[in-house]
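What follows is a pair of complexes built around chain A, which joins chain B in one and chain C in the other.
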Partner chain A sequence: MTSVTTSAGRKPGPTSLFGYRINAVGVVGALIVTFWIVVAFAAPMIIPHPVGDIVDTDYFGPMSRELWLGSDYLGRDMTSRILMGARYTLGISVASVIIAGASGVTLGMIAAITGGVVDMVLSRLLDALSSIPSKLFSLVVVAAVGSSIPVLIVTMAVIYIPGAYRFARALAVNINTMDFVVVARIRGESLWYLIRAEILPNIIGPVLVDLGLRFVFIVLLLSGMSFLGLGVRPPYADWGALVRENIGGLPYAAPAVIFPSLAIASLTIAINLLIDNLPTKIRDREAS
Partner chain B sequence: MKHRIVSLVLSRLALALVTAIIVSFAVFFATAMLPGDTATILLGQAATPEAVEGLRKAMHLDDPAIFRFLRWLAGVVHGDLGVSYANNMPVAKLIGGRLINTLKLAGLTAVIAVPLALTLGITAAMLRNTLYDRCLTIAIIGVVSVPEFMIATLAVLLFAVYLNWLPAVSFTSEIRTVHDFARAYAMPVVTLTIVISAQMIRMSRAAVVETLNTPYVEMALLKGASRGRIVLRHALPNALGPIVNAVALSLSYLLGGVIIVETIFNYPGVAKLMVDAVSTRDLPLIQSCAIIFCFGFLLLTTTADVIAILSNPRLR
Partner chain C sequence: MTSLVQIRDLRVEATTDSGRTIEIIGGVDLDIAEGEIVALIGESGSGKTTMAMSLMGYARAGCRIVGGSVVVDGVDMVALPEKDKAAVRGAKIAYVPQSAAAAFNPAIRIMDQVIEVVRIHGVMPLEEARTKAVALFRALSLPNPDRIGDRYPHQVSGGQLQRLAAAMALIASPKVLIFDEPTTALDVTTQVEVLRAFKSVISAHCIAGIYVSHDLAVVAQIADRIVVLRNGEVQESGTTADILERAQHPYTRQLLAAVAPDHEPRRDASGPTAEALLEVHEVSVGYGPLRSDGQPAIVAVDNVSLRVARGRNLGIIGESGCGKSTLARAIAGILPPFSGGVVFDGHELGRSARHRSPDQLRQVQIVFQHADTALNPAHTVEDILGRPLTFYHGMPRKQRSGRIDQLLDMVKLPRALRQRRPAELSGGQKQRVNFARALAADPKLIICDEITSALDTVVAAAVIDLLKELQRELDLAYVFISHDLSVVEAICDDIVVMYRGRKIEQITPEDMAKPEHPYTQLLLSSVPKLDPTWLDHLRQDPEQVRAYCQR
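For the complex of A and B:
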């Protein structure tokens, strides 16, 4: 990432993607994200050593031709562990962002269309939910039910529902007052029809962008929890758990503790860069 | 108009109170209603059914949940937070000293981070689109998109491993001189400062940029006022509300930060206590810590909102 991004004044770049113009920084972001997605799918086929095998005689080994990213605290191959870790970090985060997005956005649209008491109760409840700090919420849940991958997915989904709800509701309220929605209501269309055919198509762009940002927060929260030892548990390891396992190598600046951190940073920064450089056309419908 | 502002503030405070009740309800239920019978956990697997039954009676575990919640809430209000499962000490006693430690850490961070972040944010807004502004923006994107533990890790790598200025991951309780104090606090404070400054710089920059785009600032520019005068005399007083709002909101990020930072640096604060309590499933302790954090968070966000209302000149 050598090129420079500016949040103000987006220049139309040379590249075009799906008919949209997108600049070089955005393309770099997209490439990095694509890279990690491919890795997450292909990990078992491309890892040089099985993740559990001890292949180095030394622990916290340095980078070498044999072991590209050195070895971990037991002498296991870091390259393989990071590539496999992509599955957990991406998989869990994608699952929770889909659940959070689907429920939050649906509830938001229902609240906007129905209005009245439904709207008020939903908004109050979800506001209260969002006034519990996210890390704290997941700590409490892990304390109560223990940590497993399904629990993590659901917990993080619940944490990010209020945000998705508020965003979708704010957009849907604006669309809801438009003539074509009023007409559809007069025709007597059902709530489900209004959501699917009238509201959703008009807010989907900004909503997806917002979910992209939420995905970043989920990745960060998941890594944080795993780092505390309360997220993904051995024998599985996501990137946060890899940092935790190898934190003992920190005083020696072992690659085993640096590279999983870099993996997280590369993914989240790439998503941010990609979203920051998306064409305004997709980014915010309200502005146009 | 005075009347309107008072009623707005009051309704915001009422909302905060309602939220506080819902939140304590949620925390209580999340911890108390979920699987695992408290009496069985306390007495262990080998306990006789009679002993478990007796303890359930003594702890009022068979009462309807709502009564237990109210009893617990009444206890919290009176400062009785219950007894820790792990070592039978009153929770209030366990938390007391730890809370002071956490507040010390948070206070020290705020004292350093707020002036630093505001200076950077406001100057970045003044020098919009210069190299300085762009570098700062990139640095902020970098900081907000990596996990807190990574910033802590990098700080350790830089200051302890490469520069060798400070001890790596360790916290000594013996603080006698200023030197000891600096060595113990430097790393946690630096990490937290970076984490919350990023948000604060971003928000205060946005607030000042917004006021710089208003017609009266353009007017000041046209009448020939200097750049410094425009920002300090014309723009800043009007951006003050949003900036203070931004400060209060950013400080609420401290809560997420301290959980990670206290764990990494082994700092004896409430967050560390809570993380430890989670691994031992010490429910009364977790409940109390959670409530403290939630109320702290609520206090900061409510303050931010009230300041935003008070500083809106249209309501004055």
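For the complex of A and C:
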């Protein structure tokens, strides 16, 4: 577009940083997510009491100066348990989403570029996988091989591969028809180059958004699994397990059942806020 | 005399995503008298559509009218509240869009869409509107006017749809009509018919209007006055004859010069006996699954043979759907032909790119029409040009960087653009990068698939000049595919005319004055000329028209 800068000059536009436009809601989301990530890393250093120690004389104790978030059904310190729980909830979910994303997206791009039989076989296989209800599938797996952190990670990843595959394939099919991919193809480029240089950079934005949503689903599924008693083994507990083991405190309005729920809610909502309000690049070059 | 439309000091502004305000229209005055058609001419981004839209008091998303007045029939559209604007739109002022195909709802019958305006404004009973629509269909010389309204938009051709869009605009008898490049997307043979229909309807209903276009020759047929716009300001305005014959402003002259590119016949090349670089032998290409007789469901190119000599240019012309791009794709190995073969430089080429050696792939490069989709939006210009250098020539970093500078110089782009991404380049610049990427491979043959079609006339002329210059320096041969006959004429030594997948004639630019095949005659006579009386004097054999045009 031909442009003439007017003498009126620049209006007080949206906040911008390094050529990106950011908005307040996104910043709030990012801060909450960062907070939980820091907590997950620093948990062993900052917990006031060891997670297994019974420190309160009463169970389902109220919030106090000593025990900030009260005590659980055995009188253990909830603050410490929630802070440590962040490690499991975040760690397992992040690991699963990375595995699910990396394999699903790669397979999706391969299917889109190769087409034909490869596409059909991959698509049908993963369709079949996604037709199994996820809760049921994870219950069966955990019941069969037992619950350990690697098993949980792999199970969650397998459950979410078909979704990532479908999403990436749908995007990649559109990019694949673009002339620049045709140009690369008749240049004689390899499949790996097409995936890495031509397709991936053009779908990475939506794919990351999708993986963010998937991360939330994994957090919820993991919490659900733990709630059913098939998640992380005691005495350690992720947030879902904390809700389950303290569910008996519900009639007493115990903070022990409310705060793990709040933790799950704050993480999932913050991630969604962040994804919906990611910084957007300002394309107007003449403004600096 | 007060005119029907008075635009005074119109200013339209837009705000970019960084919050910077830019001026799209900067204080324009314009008058349109009753029954007068004023053409707005200018390159893309000159503000011509924005200005035409302002007649309806409308500014597209992100833009707003910040000053001035647009008085249409005594009412200032700018000052009008939104609700009153809606009452005027369609009833008093109507709009004919550039792409009728995108403007029709594919799920609703044409008749219901044409009379929708009447239903919204309630200007007449629906039954009367239907009768009027049929009369309009007849006036616009649409085939089968009584029944065409029962069809769905996909059941009529592009030229018909464009005329139906005009009928939709005319149904409520508006006083002012806005034509926004209504024939740009049409083939020349179809364009003739659509222009004729528009012209007769305009004079019959005594309509005033704005005709937005970048094609001076088309505008010359329709408009009474021409206004030349650039950067949102009027450069020159005058009657059609004045502008065409006594253009004052250098930009207008540039536009005029671009319509008729100079053709210098090259006599230096050694004629058709020169060593063949590319030979296409009876190639047939199709789409869809193979049938029992070994032919695909749709045959797009049928038994075409052609020959390109070293360092010479072959043009392929024909209307959309004639198979010219499919043929180019077959030569490049994108779409394997189901019969016939391609011989390049004495060696038979593999049917698809997978069966060709890297060196064979390097020597034949293809440049696509839409530089927007041909350049990876995620890569910088440097990445785009650097990849073929690494891939074909294995150049180390430093040497590659030097070569990229050379390539940018060759296509006359400033070296500062290296770090830009395609979205940050103009259409002409993108097409140059697109071309530079083909040059990076050091090819012997470049297939240019409609490379100037998406560009403005002035920019296209510059690209053609560049192509000629590079050919002299680098000993390239081009296969030049276009529906723009003047472009092909300007650059090619031989021209192949295609029709419905077949090659019907091969001519030289010198023969273009007297082609033998009736379809070629029809095609060549349909190219608009700058003469305002061209359309009125154009006589085409109705037999030929019926035989070759699916209007």
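Rule of thumb we're sticking to: the second predicted complex is superposed on the first by the 259 of 288 C-alpha atoms of A that agree within 3 Å, B and C clash if a C-alpha of one lies under 4 Å from a C-alpha of the other, contacts with A are read in each partner's own complex, and residues count from 1 in each chain.
In this text, a residue touches a chain if its C-beta (ideal position, glycine included) is under 8 Å from a C-beta of that chain, and two chains touch if they have at least 3 such contacts.
Bear in mind the structure is a predicted one, so any value in this text is a computation, not a measurement.
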Quiz item: Which partner does A:265 contact after superposing on A: first (chain B), second (chain C), both, neither?
Solution: first
Quiz prompt | In the superposition, chain B vs chain C on chain A residues touched | solution = B
Quiz item: Touching A:187, do we find chain B (first), chain C (second), both, or neither?
Solution: second
Exercise. Please work out whether A:223 is in contact with chain B alone, chain C alone, both, or neither, and reply first, second, both or neither.
Key: first
Quiz item: Touch check for A:33: first (chain B), second (chain C), both, or neither?
Solution: neither
Quiz item: Touching A:67, do we find chain B (first), chain C (second), both, or neither?
Solution: neither
Quiz item: Which holds for A:145: it touches chain B only (first), chain C only (second), both, or neither?
Solution: first
Practice problem: Under the contact definition given at the top, report the residues of chain A touching chain B in one complex and chain C in the other. | Solution: 4-6, 8-9
Quiz item: Where on chain A does chain B make contact in their complex?
Solution: 4-9, 124-125, 127-129, 131-136, 139-145, 216, 220, 223-224, 227-230, 240, 243, 247, 250-253, 257-258, 261, 264-265, 268-269, 271-273, 276
Quiz item: Which residues of chain B touch chain A in the complex?
Solution: 18-19, 22-23, 26-27, 30-31, 34-36, 128-129, 134, 137-138, 141-142, 144-150, 153-154, 156-157, 160-162, 168-169, 252, 255-256, 259-260, 263, 274-275, 277-279, 281, 283, 286, 290, 293-294, 297-298, 301
Practice problem: Could you pull out which chain C residues touch chain A in their complex? | Solution: 13-24, 26, 45-47, 230-232, 332-334, 353, 356, 358, 361, 366, 368, 370, 373-379, 387-388, 391-392, 423-424, 437, 441
Quiz item: So in the complex, which bits of chain A are touching chain C?
Solution: 1-6, 8-14, 16, 21, 178-180, 182-189, 197-198, 201-202, 280, 282-287
